[in-house]
Structures are given as structure tokens and as C-alpha cells.
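In what comes next, subunit A is part of two complexes: it sits with subunit B in the first one and with subunit C in the second one.
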Partner chain A sequence: MIKIIISILLKNHKNLQKMINQLRRPPVFVFLIMLFIVVFGPLLAPYDPIEPKPMNTLAAPSWDHWFGTDNYGFDILSRVLYAAQIDFSLALVGVLIGGGIGSLLGASAAYRGGITDFFLLRFVEVVQSFPVLLFALALFAAIGGGSRNMVLAIAIVNIPLYLRIIRSSLLPLRTAEFVDAARCAGLNGFIIVIKHFIPNAKGQIFSLFVLSCAYAIQIIAGLSFIGLGVEPPHPEWGSMINAGAGYIMLGVWWPSIFPGLAIVISVYAINGLSRQQMTDQIRSSV
Partner chain B sequence: MKKLLEINRVHVEIKSINKRSVHPLKGVDLQVGHEETVGLVGESGCGKSMILRTILRMLPHGGYQTKGKILLNGDRIDKAGDKYFETIRGRKISMVFQDPVSALSPLMRVGEQISDIYRYNVHSTKVEAWDLALNLLEALGIVNPKKVAYRYPHQMSGGMAQRINIAMALVCEPQLLLADEPTTGLDVTTQMQVLELLRDQLTRLRASLLFVSHDLRVVKKICTKVGVMYEGKIVEFGKSNEVFSSPSHPYTQRLLEGATL
Partner chain C sequence: MKLQNYSGSEDPQQINKYAIFSRLMRYFIKRLGILFIVLIAVSMLTFSVTRIAGTPLYAAIGVYSTKEMIEERKEQMGLNKPLWEQYTNYLIGLANGNLGSSRRTFAPVKDEIGDRLPATAELVIFAVGLSTLWAVPLGAIAAFKPHGWADRLGSILSQFGVSVPSFWLGLIFIYIFYYILGVFPAPFGRLGGADPPSFVTGLYSIDALINGNLTLFLETLKYIAMPAITLSFTSSPPIFSVTRSAVSNVLGSQFVEAARSYGIPSRVIIFRHIAPNAAPPIINIVAMTFGYLIGGAVLVEVVFSWPGIGTYAVQAMDFSDYDPVLGVVLLSATIYVVIYFLVDILQVLLDPRLRE
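So, the complex of A and B:
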């Protein structure tokens, strides 16, 4: 998928038909719409997302406010669109940091073996023995909430995931002859890990990256739902659900339902993309 | 004058947890002079490859040198620190492996693999290293080095891949080249081509060769001296024509009887 987009950008029109075929697949289609909203969301939003209108609180969906307004009079459509950018960028940065460190450590563990491997795996077991949300809560209790610490939490949660999978998929390379040859030729461990180990796990890293982005969005929404993470006036799907949760019993369903749908659709699209990537990989390798 | 490489009574032990430990080398003595070609012959499992691995500290997991010393130009290298030893690998001693295709990284273009070794050992620029790699490929008899350098290992024949391996081993101009049965995987005609090229390059660099093989014909053809190994020891060592014409040790005699030269 990504390869095809790049080749079209490079004016390789032979792949245009393939591109159209890709677009027929629902997750890819939905994902591209999501991507469009993430990039251009603030431009599409009809109102300022943090400008309250006290005269117009909890208004039902109408032509003026497609998704209605919430208890402060914020326009929910605008907030959902702005929140897309915040959620996706937090998830992306967190996963990139965590995944980068995790892959590097995983590849080093596979290369060095012995005591490095042992201690890194014990670290993985300790971190993974906590439920993710509980771990993030403990972290926030220690260093405080806010979006920067949210990114940190997501990074730390992702490190063991990548470490374990990349390590186990690269383990066979430890005894590979080309690694011995590279060492004999005088390359040091760091260069071997970067240039010989990591490229061999490209497929796994990419699939894992897509999956963990979806997971990270869930974590961010979950943490914001319980009032940690992104500070309240800023739009965020999880905290929007929380803000509207008290009114559902009164029949005011729109402040919670729309951000909830946004989470469901984006996680579905990302997971579907990952599945698509996986089947493509299997097909191309057969 | 000091010998290039001296190995004195080296013992190697490989420990394992649930089996008893193995002693592949039991006191090996070996000397390689400057601009000399030394062959090592012997049956499978007698420790030929283990000598090369001991010199470069590439012993398998659990293996270590228990006794003896290894000297390069009179300096002890078996006790040198790991950081210092990395400067020996590639720049002073390098190695060519048996299976040419699996000794190349499958996901890298071969030109990059050769130039990388020069780049990180000598700290040169990328362009400089790339040009050097192309020149070396041309010197190794590759017809279209610019095109070949952009290929991946699976797109090459065994003979071509072995030339790439030789280029990788020689790009930093080492003084000693270790070759672990470099021609076993090749057919007879390419075998001779590769050996000729190897010999030409070694004369150009004024480097020595330590050549492990069980192919007595090849050893007789290219080596000036030869050592015969049996059960972790070198049982006979001398000028190649003397050893082959009048073997003194009974094992060498039987080995020569078994081979058709």
C-alpha cells in the first residue's frame, strides 16, 4: 500500500490500476479518509473548538451544529475534527519513540545474546506484567499528567512489545554466516545491528507499528476518559466521551456518541490496514 | 625477521551445559611468514576451521582459548582488549568463508557491503569507498562492476558471490587473509579462476594467506607450505613439495594414499 503510493508519487503510472484496486478495500478507503481528516481537520471545522457558547449548551444535532453542542456550548463536530489531529499525533510520536527504542534494543538483544539478552528480557517481563492502563496510571502518579507524559507513557508501554517481537524474529541471525563475515571484516556491533539486523525485521516492524498506533489511540482515549492526559479545554475523544457521559441518561446522546464513533472508526481503519499489509506480505512471499 | 603470524601451543575448549566439553585444538603450533601461502589440510572435524576462528576470536558460543599465545608481527593479540581487536579484524587480518552466498547480507546491495567495510574501518567518505569498491571488483575480473555493485546476493552465481567476498576481505588491504575452504562450493573451472585472482591480489598487496581446505589438489597448486592436521594437532608441517613427495607422518601418508593427485 505505502509502496504503491510512493511509486505513484514517483510518476510510475503502471501502478495506478493497483492503486484503484487498493481503494476498493474498505479499511484502506476509510484510512485514507481518516488521514485526510487528520491533516486538514482544523480547516474543515466550522467553529473554534474551544470557544464556548453559553447560550447554546446541549443543543441537539442540527444544520448549524451537525453533531450538536455539549454542556459548555462547544461545537462537537469541530471538536471531533480537531481531536483527530491531537490523538493521531500523540499516538504517532509515542509509538515512533517507543518502537524505535524497542526495535533497536530487540535487535541488540538478538545480536549480543548472553547477559544483555537476559536483562532486557527480564525488563520486558516486568513491564508487561502490569496492565497497560495501570502502568500509565502509576507513571502519571509519579511524574504528573499532560500530553508530554502521555507520549512518554505510550513509548514505555510500546518498548517491550517491539523488543520481544523483534528479538525473537532476529534470533536466527545470531548464527548467520553473513553476520560472522561482517564481524570478521571489522564492523562493530552497532553498525551490524543497524545495517544487517534491523532491515531483516522491516516487515514485522511495520505491521507492529500500524497495530500499535491503533492501540495507542485506545490508550490515549482511555487515559483522557479518566481525566488524565490531554488537559480538558483541548479537544480529545476520550475526555469528550467523559464530559458527555453524565447526560446520556437524560437522553442527550450526542456529546458522547460522536467521539466514540470516531475512536471506533479510526481503530477499525488502522487495524484493517495492518491486516491488509499482512495478507499482502504473505501473498508476495508465497 | 619476525614472522607475520605465530601460534604457539594453542588449546581451545568449548564448554556446554549438558554435554561434556570438547577440545578441538590440543596444542597447535603454526607459523606464517610475510608473503607466504600456507595450506592446512586434514579430515573433517580435525580443527582446521577452528584455528582460523581462534585467530579472529570468532569461536562458537562457549568456546575459549585456554592455553598458548597468538602473535601478530611479534605482538600478542590473543590477550588484547576487544576495542583494539576490532581494529585488527578487517584491517590486518580478514577472512573468506566457505559458502559465498550466505556470507553476504541478503538485503544489501553487494557494492554497499564492500564499501561499508572500507567506510567504517578507514572512516572515509561514502563516494570514495564506493569508487574503491568498483575498482576492486574490476580488478577481481568482474566485467561490469557498476551494474554488479547494484545487485543483491541472490542475483549472483556462486563464483561471482565468492569474488564479492574476496573483495570484502581485501578492501582494507590486510596483511593476512584467512580462507576457510573458499572454493569448496564452486565448480572446478570457477575454482581455478577464483584461486588465480586471489593469488594475483595477494601478490599485489604483499599479503600472506592461510588456506584451509580438504582439497589436496588445490593446496598443492597454490600453497608454498603445508600443515597436516589430525585430531586438533598439526602433525606435519613443511614445504609443500616436500610434504607431498615424502610424507613422514603415517597420517599424512594415509591421507595422500586416499587422495588422487
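So, the complex of A and C:
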């Protein structure tokens, strides 16, 4: 799908029909709506997300406040819309950093083999032996919480995922002829890894990228839920759910349910996109 | 024929057995070595966190200490020694079960974790048991009839389980089953305010049964139901998909086809040929899920005020009390790595093909 969007951007109108066909697919459609909300969310929001209205706390959903208001009188709809931008950008940055480093290391492990491979795989095992949230807790104990360190945590958690999968998909290339040829031509290892190894894992990297964005959104929400990520009053889905959690036993459901729905829909849309892409790949390879 | 004579009086079958045994031992030792390396690396990580966070000194001194007092304290705690010596001391401490002490309650972290681990273990056992109960049969049926009802139901449930955040699902359950329907009690820990059964295993439901207190047993089940169902939802998708692919792999193999063509009844094929061959990966994923959830149930524990190690770590984090956090991190990572190791060994023992 990305290819098609790029070709549209390059004014290749032959693909317009293909693009319209893509839009008919539900995951792509939902994902594009999500993307729209992420980009234009702040413009759509009816109220200021951090402007408290002390006279109007915990108001039920109504025409004035579609999603109701929370315990400080913040408008929940506005906060959900603003938070989309924060959540997505944090996830994207973290995954880009972690995925980049992880793919590079994975490709090097596949290329070098031997002791490099052994130690990189042990590194993977070490990082993956921690449950993600507890790993982030330990990291935050060392360097403090906040959104910047949360991005760091997401990057570190993503490195082993990419390392392992890119490595195993590139492993057969170590003995490939074109790699031997490149070596004979006098290219050094780093350039071979960048120019000849990584392009061969493009498909894997992309589908992993999509999946890990979804995963990252959940991690961000989870960390903010226990009060360690994005600090309130900045709108973030996880911390909004946390703010409403205490009221749900009293029957006040809207402060928690709506931000959670936003998480579910975005994660579902992203996962659906990756599933769609996988079936496309299988179909085109048959 | 000549080759057999060449090997002398010994039975070739026997030689083969020795070879397999020595190979098994070599594999075992190699895995043990890797386990050791990973554990060392994990401990190095937590050690470096304690040094970066500056916990040992910060915890020990008050605000009004003079420079001399700080120096003296440093000497006492061995913080002036070279780093590797501090690390060995840390390891020796760990080997003796010394995880430091809480800055808030002044109790040793080891004891506090010991009190809370059974709560987490009980929750995780129920959750994984529940997941296994529904995800394994569903996955198997889905493999027999791809695109059938079981396949559809399973994939819808696992897509849902992957997309939904566990803490939010927990809140929804609280709203529906506590606030609206009133089926389950309020989410306040393992038994609300009631007295726990006398200590045998630390798992309240088992203890209540051992004591013969049936009403208490039912009560514990009521309290554990919501968190366990929540965890089961979010942890079962891998179990479902692994079961499905394992069974469908076996279904496509030649020996099943051969057994079918012999006219062996399908009930026999399922239990005699398919089940044992599909079991190892399923056992693997169930054990791994269990190992992961010990430390991975944090969010659900927090939502239901479940007094397990996850809630403990999060509460300690709120007070910048780092020893408990690191204790929990170290413990759950160790449990996960050890289970991973055991599962790997078990895999080789279960599946003769892997011994080659």
C-alpha cells in the first residue's frame, strides 16, 4: 500500500484505481481515519484539552461534551483527540530508533556470524527475559520517568525483536553468491550489511514495524496508566484511563472507556494493516 | 553386513544409545552455560541500576549528614571498593537471598516478596489454566477445520486479546460484573477484608480446600475470577495460534496420511498420532506464558488491587523505593529464564527427533 501512495505522490495516475480498491478494505480505511485524527486531531477538538472547568466535573456524555468530562472538568473528547498525536508520535519515534538499531544489529549478526552472533543473541535473551513493564520500571528507577525516557524504553524493548527476526531472515544470505561477489569487489562489511543485507529484509522490517507500533502504543498506555509515562495534565490515553479508574466502581464509566476505546481501535487498525499486508505478500508471491 | 561385523561384538543399537546420551549431555551443558551467562547479565543490569540510581548510599543517610558521616558510611557499605568487588559482593548477597531492604517499611525485600509471590502465582496459575482450557481445544478444532466456526471464533478472540489493553479490559469487567450485575465482589485484593485461610501453600483457594472450608473456597474463586479472566484474554492469543499451527503441521505430515490410509479410526489417529506430536510446542508456549506472566501481570494486579509482586513494585516505585522494584525485576526475569531453560530441556526429552 505504501508503494501505491508513493506512486500517487509521484503523479502516477495509473495507480489511482488501485488506490481506490485499497480504500475499500476495512483495515486500510480505519487506519486512514486514524491517521487523519492523528494529524488533524487538535483542529477537530472542540475544547482546550487542559482547561479545567471546576463547575462541570464528571458530567455524563451530552451534546456539549460528547464524551463527557472527567474529574477535573476536562473535556474527554478533546483530550482523546489531542492524545492521539502524543501517543502516535512517541510510539513512532521509539520504534524508529529501536527498529533501526535492531535491524542493523540483526543484519550484522547474520553477516558476521560467530562470536558477534553469539553475543548479540545472548543480549536478545537478556532483554527479553524481563517483562516489558518491569524492564521499563528498572530503567526508570535508574534514569527517571517522563516521556523522553519512555521513548528510550520503547527503543530498547524493540531492538531484540528486530534483531532476532532480521537475523533469522537474513541468515541464508551469508553464503549467497552476490555477497561473495561484493566481498571480492572489496566492499567492507558495513557497506555490505547496509546495501546488500538490509534491502533483502525490507518486507520483514516493514511488517514488523507496523506490529511494533501497535505494541508500543500499548506499552506507552500501560506505563502512563501506572503514572510513569506522560505526566498529567498532558492528555495521554493511559493516564486518562488511570484518572477515571477510581470512578468506575461508582458507575462513572466515560472517563476510562473512551480513551481505552481509542487504544483498541488504533491497535486493531494497525494490526489489521499488517495482516492485510501479509496476505498481499502471500498472494503476490503465489 | 560387513559394517556390523566391523564394529566387533558390541551391539550397534547400544553404541547409538551412548552417542545419543552423550549428545544430550553436551546439549544440556551448553544450555546450562547459556543460562548462566544470561543470569549473570541480568544481575549485572540490576546491579548497574542500583549504582546509577545511587540507592545504597541515598537510602542509608539522612538529609543532615556531614561529609565525614557520608565518607564513613561509604566505607562501611563498601562503596569505596573497586566496582568489580562491589559487584561480587552484590552477587554473594543475591546468592544468600539478600535483595536489600525497603526504604519505606525497612523490612527485607526478600520477606516482602515472599509474602506477595503466592498471590501472583495463584492469579497466574488460574489465568494460564483458563487460557489453556479454551485456547488449546479451540486451536486444535480450528486446525482440523480451517475457516470453520472454531477458527473464526478463535481468531476474533485473539485479535481482540491482542488489541485490548489488559488494564482497560479489567476496568470494563469491573463496571459490568461488579457495578451493573453485581456478580463479583469489588476489586479489593484476594479476599476483600475477610480472614485468609490458615497458611499451607499460600494459594488461598487451595488452602481453603485443604482446610475443608467450602464457602471460603467459593469466595476466593469469586475474587480471583475477574482478574484471571482478564489476564486469560490478553495472554491466550499466542497459545491459540501456536496450537493451531502445531496441529495443522502434524495434520499435513506423511505419517498421518499413512495412518489414515491404513484405515486406522480417526479417534485413534487423533490421540495416538496427532496429540503426542503436536504437544511439545504447545507445552512450550503454555510454560513460557506462565513464566512471562509472573512479572507481566503488573497492570492487571494494579487494577484489581491484587497484592502480588507487580503491585508491590509499582507502589514502591511511587515512593522512589528502588530495592523492591529491582528485587521484583530480578526475580521475575530469573523465573522466566529458568522456565525457558527447563522448557528447552523438556522439549528435547519429549521429542526424540530433536536429539539427532
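Points worth noting:
Operating definition for what follows: the second predicted complex is superposed on the first by the 286 of 286 C-alpha atoms of A that agree within 3 Å, B and C clash if a C-alpha of one lies under 4 Å from a C-alpha of the other, contacts with A are read in each partner's own complex, and residues count from 1 in each chain.
To be clear about the criterion, a contact is a pair of C-beta atoms (placed from the backbone, for glycine too) under 8 Å apart; a residue touches a chain by one contact, two chains touch by 3 or more.
Predicted, not measured: the structure shown is a model, and the values here were computed from it.
When the shared chain is aligned, subunit B comes close enough to touch A:A185, but subunit C does not. By the touch criterion stated above, A:I226 is placed in contact with subunit C alone, subunit B being left untouched. When the two structures are aligned on the shared chain, A:A176 is found in touch with subunit B, with no touch to subunit C.
Contacts of A:F130 after superposition: subunit C is touched, whereas subunit B is not reached.
Of the two partners subunit B and subunit C, more residues of subunit A are touched by C.
Using the contact criterion defined above for the overlaid structures, shared-chain residue A:N271 touches subunit C, although it does not reach subunit B. Looking at the shared chain after the overlay, A:L58 reaches neither subunit B nor subunit C. Once chain A of one complex is fitted onto chain A of the other, the partner contacts of A:P199 are limited to subunit B, with no touch recorded for subunit C.
Only residues 113, 176-178, 180-188, 191, 195-196, 199-200 of subunit A touch subunit B when the two sit together in their complex. Of all the residues in subunit C, the ones that touch subunit A in their complex are 34, 37-38, 41-42, 45-46, 48-49, 52-53, 159, 162-165, 167-168, 171-172, 174-175, 178-179, 186-187, 292, 294-296, 298-299, 302-303, 310, 313-314, 317-318, 322, 325-326, 328-329, 332-333, 336-337, 340. Interface residues of subunit A, counted against subunit C in their complex, comprise 122-123, 125-126, 129-135, 137-143, 214, 218, 221-222, 225-228, 238, 241, 244-245, 248-251, 253, 256-257, 260, 263-264, 267-268, 271. Partner subunit A is touched in their complex by these residues of subunit B: 56, 58, 61, 86-91, 94-95, 97, 99, 102-108, 116-117, 120-121, 165, 168-169, 172.
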